[in-house]
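What follows is a set of structures for review.
The two complexes that follow have subunit A in common; it is paired with subunit B in the first and with subunit C in the second.
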Partner chain A sequence: MNGLMAGVLYALVALGFVLIFKASGIFNFSQGVMALFAALTLVGIMEGRVPFSHLINAVFGTSVHHFGWNVPAFAAILLTMVVMVGLAWLVNRYIFRHLVGQEPIILFMATIGLAYFLEGFGDIMWGSDIKKLDVGLPQGINSTIDEITYNLLGYGFFIDNLDLWATFVAILLVIALVLFAQYSKHGRAMRAVADDHQAALSVGINLNFIWVMVWSLAGFVALVAGIMWGTKSGVQFSLSLIALKALPVLMLGGFTSIPGAIVGGLIIGVGEKLFEFIVGPMVGGATENWFAYVLALIFLVFRPQGLFGEKIIERV
Partner chain B sequence: MFYREAGDFKTSYPEDGQTFPIKLDRFGFYAVVFIGFVIIPFVINDYWVNSVFLPFLIYAIAAIGLNILVGYCGQVSLGTGGFMAVGAYSCYKFMTGLDIWIGGVQYALPPINIFFSVILAGLVTALVGLLFGLPSLRIKGFYLAVATLAAQFFLVWLLNKWAWAYNYSASGQISAPERSMFGVPVTGSNTEPWAVYLFCLVFLTVLALIARNLTRGSIGRKWMAIRDMDIAAEIIGVDPLKAKLSAFAVSSFFIGISGALFFSVYLGAVEVGEVFGINKSFLLLFMVIIGGLGSIFGAFAGAAFLVLLPVFLKNTLVGGLGWPTDLAAHLEFMIVGGLIVTFLVLEPHGLAQLWRVIKEKLRLWPFPH
Partner chain C sequence: MSVMDQETHVTPDGRTIGGVLMEMRNISLRFGGVKAITDISFDIREGEIRAIIGPNGAGKSSMLNVVSGFYIPQEGEVWYKGSVRPQMRPFEVARQGIARTFQNIALFEGMSVLDNVMTGRLNHMTTGLLSQAIWKGKAEQEEIENREVAEKIIDFLEIQHIRKTPVSRLPYGLKKRVELARALVAQPSLLLLDEPMAGMNVEEKEDMSRFILDVNDEFGTTIALIEHDMGVVMDLSDRVVVMDYGKKIGDGTPDEVRNNQAVIDAYLGVAHD
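Right after this comes the complex of A and B.
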C-alpha cells in the first residue's frame, strides 16, 4: 500500500512531464526543480520571508530576514501561482521561443540548464535550509481505515491521511486536465500546436499564448506536487530528485499518455517496494535507487514506445 | 592576416592526411605541447595543480570521451558518473592486486603498475559501456538519455554494496596506495606537483590525438552519419550496431581512464556515491555543451571553462567580497544553468564555434575582405 501511495506521487510529477511533452514536444527535465521552486516560494510567501535576503545581507551588510507577517495558505497559493505564471512567461520569452524547431534533444538539454538555473535561483531567493510546509492538509495515520481493515482482515492498514489526500488530489487533477485538453477551446488549441506549429499558426492560434499557458499548467502541476511532497518530507533539495524518479515512470507509461503516467507510476511505486522487500535483503538493500530505471530500461528494449505510447513511426 | 591557410601546399598523401594539415595549426599545436610539457612543470605549485591543472586534465579526458558519444555519435548519455566510478574502482582493483574466485579457489594477481592499471581500467569500463550501450540499438533520443540513468544509479549502487570492489574495507571507501612511475611517486600522499601533472598530461595528449584521428577517419564519419540521421545512415550502409557500440566502447574507455585518474592521482580516496553521483554526469554533459558538441577542441575549452569558473567565483566572491560560501555555490548553479541555456540559444556549437569565428576574423583582419 505504501508503494501504491508513493506511486501516486510519482505519477503526479510525471503528469507535469506528459502535459508539457504533449503540448510542446519539450521533454521538461526541470519539472522536479519547478516543484521545488514552487514549494520554496509558497513557504517563503506564507512565512513572509524577504526574497534574496541572503544576497542583500551579503552585499549591503544588513540583516533582513522576515517582513514580519504571515500570509494565509490560500492567498499564498494564489500568489505562488502568479509567480509560476510569471516564470512561465519568462521561460517562454527568453528560452523556448528562440529554440523553436530545434532538435528535441537540444530542447531537453536546455531544460537541464533551466533546472540548474532554477535550483540556484530558488536557493538564492529563499535560502537553502530545509523548510516546513503546512498548508493545513490533514496528516497522521487515518484511524478510520485502520479500524475498518482491522475489523475486516484482522490487522489494520496504516495509511497516512496525507497520502489519501494526495491520491484524491491526483485523481481530481488528472480528470481536470484530461477534460481541459480534450474539450476546452484552449486545450484543443494546445494539442493542435503540439501536432504541428505551422498548421496551428495558419488557423489563427496564438502560439505564444499557448506556450505560456502550457508552461503555466506545468507550473501548476509542479505546485501541487511541491505541496504534497513538501508537506510530507519538508521542502528541501531532494524534492527535485523526484523528477528523476518520474522519468522511468514516463518511459514505462509512454511519453504521450496521461493514463500511462498513472499506471506507470503505480507499477513503479509498488514494484520498487516489493523488489526491496523480496530481493533487497539478499543484495544489501537500497535497491530503490535504481530499480525503477532498470525496470524501465528492460521494458523499453521490448516495447520502445512504452505501455500506452503512440507507435513511433520514422521516416527518412 | 594572422591566421593563414593559403600557400600551404602538400605534395604527398601522408602530408595531406596529417593530423593538423594547416601549418599554423600545427605550429600552434607544437607550441601548446611544448609549453605543457616543458615549461609548466617547472613553474607550477601544489595549489595550481590541485585546483586547476589536475581537474582540467582529467575532466578534459572525460569530456573528449563524452563528446565522442554525444557530439559525434548523437547518443546522449547521463551515465558518465557511473562509468567514471567503474574506471576508478577497477583501477583500484588492478593497483592493489586483483583477486578472483573461480570454483572456490582464489587466484590473486600481483599489483600492476599504475600506468597499466589505468589503461586496464579503461578497458574494463569500455566493456561495461558496451553492455549499457546495447539498449541504444532499440531506443534513442531522450529515451536513451533516461535509460543511461539506469547505468548511473545501478553502477554507483553496485560499487557501494559490493564489498569485493573495495577490498572489504570497513569504511566502504577506496584509497590509493603509493605507486610510482620510473621511481617517482604519482599516487599516494608523497607526490610532487610536476609528477602528477605530467602523468595526467601524457594520458590526455595521447588520448586527444587518438580521439582526433578516430573522429577524422572512417569510424568517425560513421558516427556522424548515425548522429545526423540513423535510418538514412543505415540505408547507405553504415552498420548501426557497430557504429553505436563502438562509440559507446571508445567513449567509455576515455571516461574510465578519466575516472581512474580522478581517483588515483587527483583525489586519492573516493566514496562512490559522493564523487561519482549524478551531478558529475551533468557537469560533464555541460562541459561538452558549453565547449561545443562534436569538437575535440570544444572538450578542452568546456573543461577549462567549468573548472576555472568555480575557482574564479570562489576567489572573487568568497575571497574578494567576503560572501558566505553557500551563496557563492548557489550563484554558481545559476550561472552554469544560465550559461547552458544562453549557449544553446545563441551559439549551439559552443566555445569551439566562437574559436572558429575568431579564426575567421583573424584571417581577414585588418582588411575588410
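Right after this comes the complex of A and C.
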C-alpha cells in the first residue's frame, strides 16, 4: 500500500474524530471500530449473510449462513447507512444522553467501552473471517498517469485507481462537510450545540436531534473509510487499529480543523512511507510503526494546537 | 381577576397593553426538600413590561426557568396564549415564541456576533437539509430574509461595529447586548430577561434600560424581566411581582408595590417568623 492511500484513509478516520469532537466535545475513540463495523455490515448485506449466524447455529443446532441473495452495492450502502443512523441513535439514547455534562475523560472512557463493544458485536454479528469487499470501485494501475509520467520523466508513476478515487472522495467529503457546517441550518445548529448547550436550547435547538445527526455523520464518514480500506486490503479486524494512527494525524492537523484532518492524514501517510524508504534502511526498518507518533510528539512540544487548530488562550 | 383588568388599555406614554398572554397558576417547584417556589400565580399581558423582583435566593430565576421550560414545576399550570401548556422541553418552548437571555450570559463564544444573532433565526428557517441542497434559490431567499431581520436588530441595538468580532473578545456589557439581539431576532411573543443589568456599571445600565424600553415600544414585544436593582425596575416596568423566600408577597404597579409593607420588610430585612 502506498503512502497517499494510507494518508487518505488516516484522514478519513481523523475526519470522523474531528466531526464528533467539534460538535459534542467528545473524543470518539471508537471511530476506527465504527469504520470496521460499517464495512462488516456492508459486506454482510451485500453477500446476504445471516447476521448472528454463528450464534444462531450454536444455540439452535441449525446451519444457516446465507440468505441466498446478493444485494447490489448501491442498495447495500444505503442499507448500511440506515444501520449506522440506527447505531447513532442507540449510542446517543443509551450512552451519551445519560452522560451530558460529565467530564471529558468520562465521555472518552465511554467511547473506549463503545469501541470494544462494537468490535465484539461486529464479530458476533458477522463473523471474524477476512472478507472481500468490492463495491465496484476501479482498481489497478492507472495507465494514463503511468504513460504521462513516463513520457515526461522517463519513468512511470504507479498509482492505483483506487487511491485516486479515495483521494477524490475524501476531498469531496471535506468540501461537503465544510459547506454543511458553515451554511446549512443544521450545520449552524450543530456549531451552536458544540459551543453552548443552554444557549442552544434557548434558541430552540433540539439537542438530541443534533447529537444523533452528528453521530450519523460520523457513521457516514466511517462507512466511507470502511469502504476504501476494505476494498484495498479486505475487511478485517486490524481495520480498527487505524484509529490509533488517526491520533497523530489529529495532533498534526489540529483537533478542531476539518481541513487539518486531511492535510495531517496526508503528511503522515506519505511521510511514514518516505521515512521508511529513506531512513528505514539505516536504522533497520520498521519505522512505519513509530514515525507517526514521534512526529506527533514533536508537534505536541512545539505547536500543541496542530497546524490548523484553534489556539487556546485562557484569560486569567 | 376582574373583567376590567382583561380589557385592552393604553398607557399614559401611548403603548397598548392587551389581554393575558401568559398565566402562571399556583406554581410550586421543589428541589428535593428545598422549596424554590411555593404556590405562585401571576399573569403577563401582551405588550407590557413585567418585572419579577426580590432579594437574592427569592426564587426569581427559578420562576423564569419554569416559564422557559428549563424547570418543570411539581404543581401548577402554565397557560400560554389561552390554553394550558403541556409539559415541554426548553427547545419546544423556544419554538413557541418564548425567547430568553441568561443571568450568566450563554452565548456561542466561538462564533462571531453576526453568527450568534443568526442562530436566533434558526426556527424561522423552514427549508430542510435536502431542499437546501436542491432548491438553492429558495434557501438563498430565506437566508437573505433572515439576514435582513438580523441586521435590523443589530442596527437597533447599536452593535454594527462588532458584527464580525468573535464574541469571546467582547466586554461584558456588549455580550449582554448581543444576547439580547439573539433573543430578539427570533421575533418572540414573549421575551424573558434574566437580570439584564447584573454586573453593569451605571452607564451600561442606562443603555440597557433604554434598549429594553425601545424594544417594547418599537416592536411591541412583551417582556418579562428579573432584576434585583429596585430603582431600575420601578422606572422600567408596568407591573411588578415581588417574591421572597419562594412566595409572592406583592403584585401591582411600581407605586403600589413600593408602598406595600411586606415588600418594604423584605427589602429592609425583618425577622421572619
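Everything below uses one rule, namely that the second predicted complex is superposed on the first by the 311 of 316 C-alpha atoms of A that agree within 3 Å, B and C clash if a C-alpha of one lies under 4 Å from a C-alpha of the other, contacts with A are read in each partner's own complex, and residues count from 1 in each chain.
Methods note: a residue touches a chain if its C-beta (ideal position, glycine included) is under 8 Å from a C-beta of that chain, and two chains touch if they have at least 3 such contacts.
What you are looking at is a predicted structure, and each value in this text was computed from that prediction instead of being measured.
Undergrad: Determine, under the contact definition given at the top, whether A:I95 touches first (subunit B), second (subunit C), both, or neither.
TA: Touch partner of A:I95: subunit B, not subunit C.
Undergrad: Which partner does A:V174 contact after superposing on A: first (subunit B), second (subunit C), both, neither?
TA: neither
Undergrad: Which touches a greater number of subunit A residues, subunit B or subunit C?
TA: B
Undergrad: In the superposed arrangement, does A:V270 touch subunit B (first), subunit C (second), both or neither?
TA: After superposing on A, A:V270 lies clear of both subunit B and subunit C.
Undergrad: With both complexes overlaid on chain A, does A:L164 touch subunit B (first), subunit C (second), both or neither?
TA: Touch status of A:L164: no partner.
Undergrad: Tell me the contact category for A:L297 with respect to subunit B and subunit C: first, second, both or neither.
TA: Only subunit B is touched by A:L297; subunit C is not.
Undergrad: On the A-aligned overlay, A:R188 touches which partner chain: subunit B = first, subunit C = second, or both, or neither?
TA: So A:R188 only meets subunit C here.
Undergrad: Tell me, which parts of subunit B touch subunit A in their complex?
TA: Residues of subunit B touching subunit A: 74, 76, 134-135, 138-139, 141-143, 145-147, 149-150, 152-154, 156-157, 160-161, 229, 231-232, 235, 278, 282, 285-286, 289, 321-324, 326-327, 330-341, 344-345, 348.
Undergrad: Which of the residues in subunit C come into contact with subunit A in the complex?
TA: For this pair, the touching residues of subunit C are 68, 70, 89-92, 94-95, 99-102, 106-111, 115, 118-120, 122-123, 125, 127-129, 132, 182-183, 186.
Undergrad: Using the touch definition up top, name the residues of subunit A that touch subunit C in the complex.
TA: 184-186, 188-189, 191-192, 194-196, 198-207, 310
Undergrad: Which residues, counting only subunit A, touch subunit B once they are in their complex?
TA: 27, 54-55, 58, 94-95, 98-99, 102, 104-106, 108-110, 112-121, 123-124, 128, 244, 247-248, 250-251, 255, 283-287, 289-290, 293-294, 296-297, 300-301, 304, 314-316
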